[in-house]
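In what follows, chain A forms one complex with chain B and a second complex with chain C.
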Partner chain A sequence: MTIVATDSPAAPALRRFALRGYVPLFPPFAVLLLFFAVPIGMMIGISFQDPKTAQFSLGSYQRFLTDGLIIAGLFRTILMSGLVAICVTVMAYPVAYFLARSTSRWRAIVFALAIAPELAGVVLRTYGWLIILEDRGFVNDALIWLGLVSSPLPLAKNLFGVVVGLTHVVLPFGILALLTSIQGIDPNIEKAAQILGASRLSVIRHILLPLSIPGTVSSLLISFTMAASAYATPALLGGARFKVLATMISEQIMFYINWPMAAVMAIVLLVLMLAITFAGGRVETRLHKKLNV
Partner chain B sequence: MSDIDIELISVRKTYGNALVVGDISLSIPKGEFVSLLGPSGCGKTTTLNMIAGFQQPTGGEIRIRGRNQAGVPPEKRNIGLVFQNYALFPHMTVAENVAFGLRMKGAPRAEIDQTVNTALKSVHLEGFEAHYPKELSGGQQQRTALARAIAPRPSVLLLDEPLSNLDLKLREAMRVELKEIQQQLAMTFVYVTHDQEEAMAMSDRVVVMSGGVIAQEDKPENIYNAPRTSFVADFIGKSNILPVSAVRATGDQREITINHSNISLAVGSDQAGPPAARFCCIRPEDVRIIGGEAFAEGANVLDGTISKIVNLGAHLDLWVTVDRDITIKALVRSSRSDQLKTGNHVSISIAPAAIRLLHE
Partner chain C sequence: MTRDIHPGNQQELGKIMKTPTITAAALLTTVTAGHCEQLIVNSYGGPYEAIIMERIIKPFEDKTGISVVYDPVGSSSQDYAKIKATNGRPGFDVVVMTASQSLDGCRDGLLEKFTPATVPNLEKLSPAINKIAGECGAVHELQYMSLLWRTDKLKAAPSSWAALFDSELKGKVILPTFQNIMAANLMQVLSVQNGGDLLNNVDPGFKAMAQLAKQSVGFEQSSAVMETYVKDGQVWAMPFWNGRAQLLVDTGMPVDYIKPVEGTIPLIATLNVPVGTQNKEAAMKFVNFFLEKSSQEAWVTGYKVGSARSDIDVPDAVRAKQITTEEDLDKLLLPDLSIMAAKLPEWGDRWEREVVHAAN
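Up next is the complex of A and B:
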């Protein structure tokens, strides 16, 4: 930069030219600033207010850390999101592998089926699951009719129901994350392992899984953050009996009209997701280096 | 050499209506270096994949060491395979790559270490054990792939154009090395390539394939000197292929007439060419430019005009038009480039024994 500044008369023109390159970035930057950064700043501001007097207060933070019900909600969120992340990734893997490797005509159909759920809205799909899982739902009716159970199994309004519903919602994203990663693995590498005597299982264990770790980590991260931030599915399938941070935030606003408390919860949720994403990113980079992929 | 390692019996492969490999029969004795040679799409790679077990033949039978391989998966065939793009395991070191086959077979640690050392030594990669494939040059990756394939001591090694990603110098050096390794191990090599020089340089036997069938199968020198079809003559080396309109036999001597011309050529009596020959093949190096170079008594002499000269360094490619539509290529030493210019009238001579008759 100093060289340009000292001996080149074209330097200001160059700099102006360089600036011009950033012009297309201004509108999105302005939108983000106005509708993302500013609201987050406001949220942080509100979180430090007293709910009654609007004076500066650390009360809401204090309550978050000491209220057992809220802490339980936080752990429920982590448990639910972790389970969804694992379920999605385990279920998405074989589908993604098939999509990455298959040359059959079924490939297009499977791909459409894998992505199609995204076309129906989240609320619609969640009501669908409710009809299937609730006490007088399809599954319980069938089980009772068959005489396998005498009273309905608790399939909805609990952790199980929410995890099922969210897994369905998030699955396509897991598939896409893994698909990209598996497509990057040369099929000849699997063939090479096979011809060297590796059984199908050994190929998966020694070749496929290690080489697709980046995709697996992405799938886990995406699923976790999507599950943790989901509102509609836990609200409908979890209800009042299974509260997570997202539903508790809305409860604070709608029922208790306690914006500072809602803001604190939202900040905790945000920090949780940032921490998970950051940690996952670190793990992924480390593995990337180690795997030489 | 009576031990047969690989036997293909009327093997065919079709995709719907498309015939990829049609009724190939081939038997490869133990310790032989066989090349499947042909242009892309001739079915050579499909044949290799069927031997490896990655593709199933539509018809016929593949036997390895006498055993029918129908239904036997690749991992149970005990054969090695070197891929064109090497397909090394990127997350494993060179040593781990080479050890993989033995690990899968459940060999003891000490044996694995020793075999890995021997394999790496035989491909001159000692000292690279701890390197990852990404840190190696193309040639080193190639050697790693080779070491990985031979380490479990397969009875047969299949090679799918393994040298095509290397530069010319390295490719030529590797040809010599591959042949040496093959002889040291006394292992059966099946080498797929579209590069005729590679096939000629290394093979005990060359199988020329075209359109899914075997066009000719013979020792390299016979493939070159006695091509059976115009396809083989054209594909292997350079050649002048001229259409023949008539063959006349007068006692021992035979004479052919080149289609659409007044050119008649005497053909050697030693070769048992087909009676209904439709083409003849003349290698450019057998065409002499008269003046300076001595030519044999009784040779065919034709007059013509030099229409094109391409300097190849050591040699010149010369196109001599001897009739309206008929141009004959000649290969001459470039020391004569001073005397030869485009447009010059020259006489060329072709010994009768150098003309091969082909019926298709």
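Up next is the complex of A and C:
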């Protein structure tokens, strides 16, 4: 671009042409500025206020860093989101592979089933899991009836229940992320390897997994960020003992009316997600280099 | 908070579904009514909506000619968050909240102050209750934290909060989470019962709550969900707002509720007017109308709650269960809500560490 900006008579026209290329970007940029950047800026401003006097204060940040309950909530968020990301990616991979490679008539049905959970609202699905997992739920009733356990297993109101519920919520996104990636891998490479004597396991290990790293990383990142910011599922399936940042933010706004503390928690959550996304990108690049793909 | 007092999640869903309808209705009314005055009243859905429409809003419209658009979207904490976020211009003229939000709104300058000049019926309310709600809250309803119990499961009717600790109720009690104000109120009542007080010396209350947590099946935030434990017989006794308890009794379930002998803390519901309302005069008329003797009688007998007016005439059966007399009002435990609000964060931490941690 800077090369064009010389004394050439065609320069102004070219510059106008180049600027015209940015015109379609203005509306989305304006929307993002108005509805994302400005509110984030306001949130950052609120986080530096004293909850009572609205004067400048670092008190909420100080409390975040020193309050054991809040720190525990942060680590619980990271643990929950990490587990969901792993569960989703592991479960989504075979489904995505089937959808990418299969030519059977079942493909459309499997695709519809994979996406179907999104047709029902997240609250509805979460209540469904509550009915299945609670002490007097379907699973515990069945286990007790079969004589496998004498008292209900703790399947809900804990980390396990939340991870199950969120994995169900996020799974379709993991499948779509991996599907796009696997579809981009030339199937002839796998065939060529098999013709040359590679076992099926060897093809998966040495060809499919390395070439689908971008999809795997995308699936992990999408799942992590969606789980970290989820509210309804942890609130309903987590119970009183399982508090994560999203539910704690709601408490601060609605119950304690402490917006600065809620803003600090939201900023930490945002930074956490940005850091994970950045780290994911770095890991992807390193793996590419290491595996030479 | 009040989401837990009034109908449950299905009704919340109903509220959400109704939003476009209300907006459309408001627009249509504006267009067709021409100069007709219009008031937007925000409150709750479900049975509450049906009763307020019949007992308060219709008579108000008939008397004043002011048309009311009813908006059942949002719990009181959500409504207050909306008022705060819009700096007093939330899009409704009158809102039903609680005394806590009235005090917060008054302190933040987001709610209109009421005076006997603007709302003459304020002078008819109990001064003690009125004082608790502050200058910006008009108390139109009183409930109290009752002890709800299954009549077919317990051997004898309880009379005291101490009944919750009986071995008979081991694993048969459910407790609210701290985000339901009943949790703090129960802790305060137990504090008083065990030699502490409502605000400054609450150690006995937390100690008792830790003991009670061991007795419980767990914690639930929503009263609607707590109710399901009683309905399916998992829970035989729990603290519950009496208005909602009465609704359960009315369904014919084998439950009853009592006002324990040690006393209890009321839930003070208030009418509020955001400062940015465009229809201030009509809003004040509505608030005053709701506090009329006849309106209070209609509300107490219709929704089966108590009143801060002790001069109302209601049937004995209603009077026996509700707060309707000076004597009833005198027996209530009344914490200073401003001090309580300041202590909630500290109590919330203690609740997590001492009560939730002690649960099975």
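Here is the rule we use: the second predicted complex is superposed on the first by the 258 of 293 C-alpha atoms of A that agree within 3 Å, B and C clash if a C-alpha of one lies under 4 Å from a C-alpha of the other, contacts with A are read in each partner's own complex, and residues count from 1 in each chain.
Just so it is clear, a residue touches a chain if its C-beta (ideal position, glycine included) is under 8 Å from a C-beta of that chain, and two chains touch if they have at least 3 such contacts.
It should be emphasised that the depicted structure is a prediction, and the values quoted were computed from it without experimental measurement.
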Who does A:188 touch here: chain B (first), chain C (second), both, or neither? first
Taking the superposition on A as described, I'd like to know which of chain B and chain C A:202 touches: first, second, both or neither. first
Given the touch rule stated above, what does A:108 touch, chain B (first), chain C (second), both, or neither? neither
Between chain B (first) and chain C (second), which, if any, makes contact with A:258: first, second, both or neither? second
Given the touch rule stated above, what does A:210 touch, chain B (first), chain C (second), both, or neither? first
Of the partners chain B and chain C, which touch A:241 in the superposed model: first, second, both, neither? second
So in the complex, the part of chain C that touches chain A is made up of which residues? 1, 9, 77-78, 80-81, 84, 104, 177-179, 217-221, 232, 234, 341, 344-345, 348-349, 352-353, 356, 359
Which bits of chain A are touching chain C when the two form their complex? 67, 69, 123, 135-136, 157, 235, 239-241, 243, 251, 253-259
Taking the complex as given, what residues does chain A use to touch chain B? 186, 188-189, 191-199, 202, 206-207, 210-211, 290-293
Spell out the residues on chain B that touch chain A in their complex, using ranges where they run on. 52-54, 73-81, 83, 85, 87-91, 100-101, 104-105, 132-134, 148-149, 152
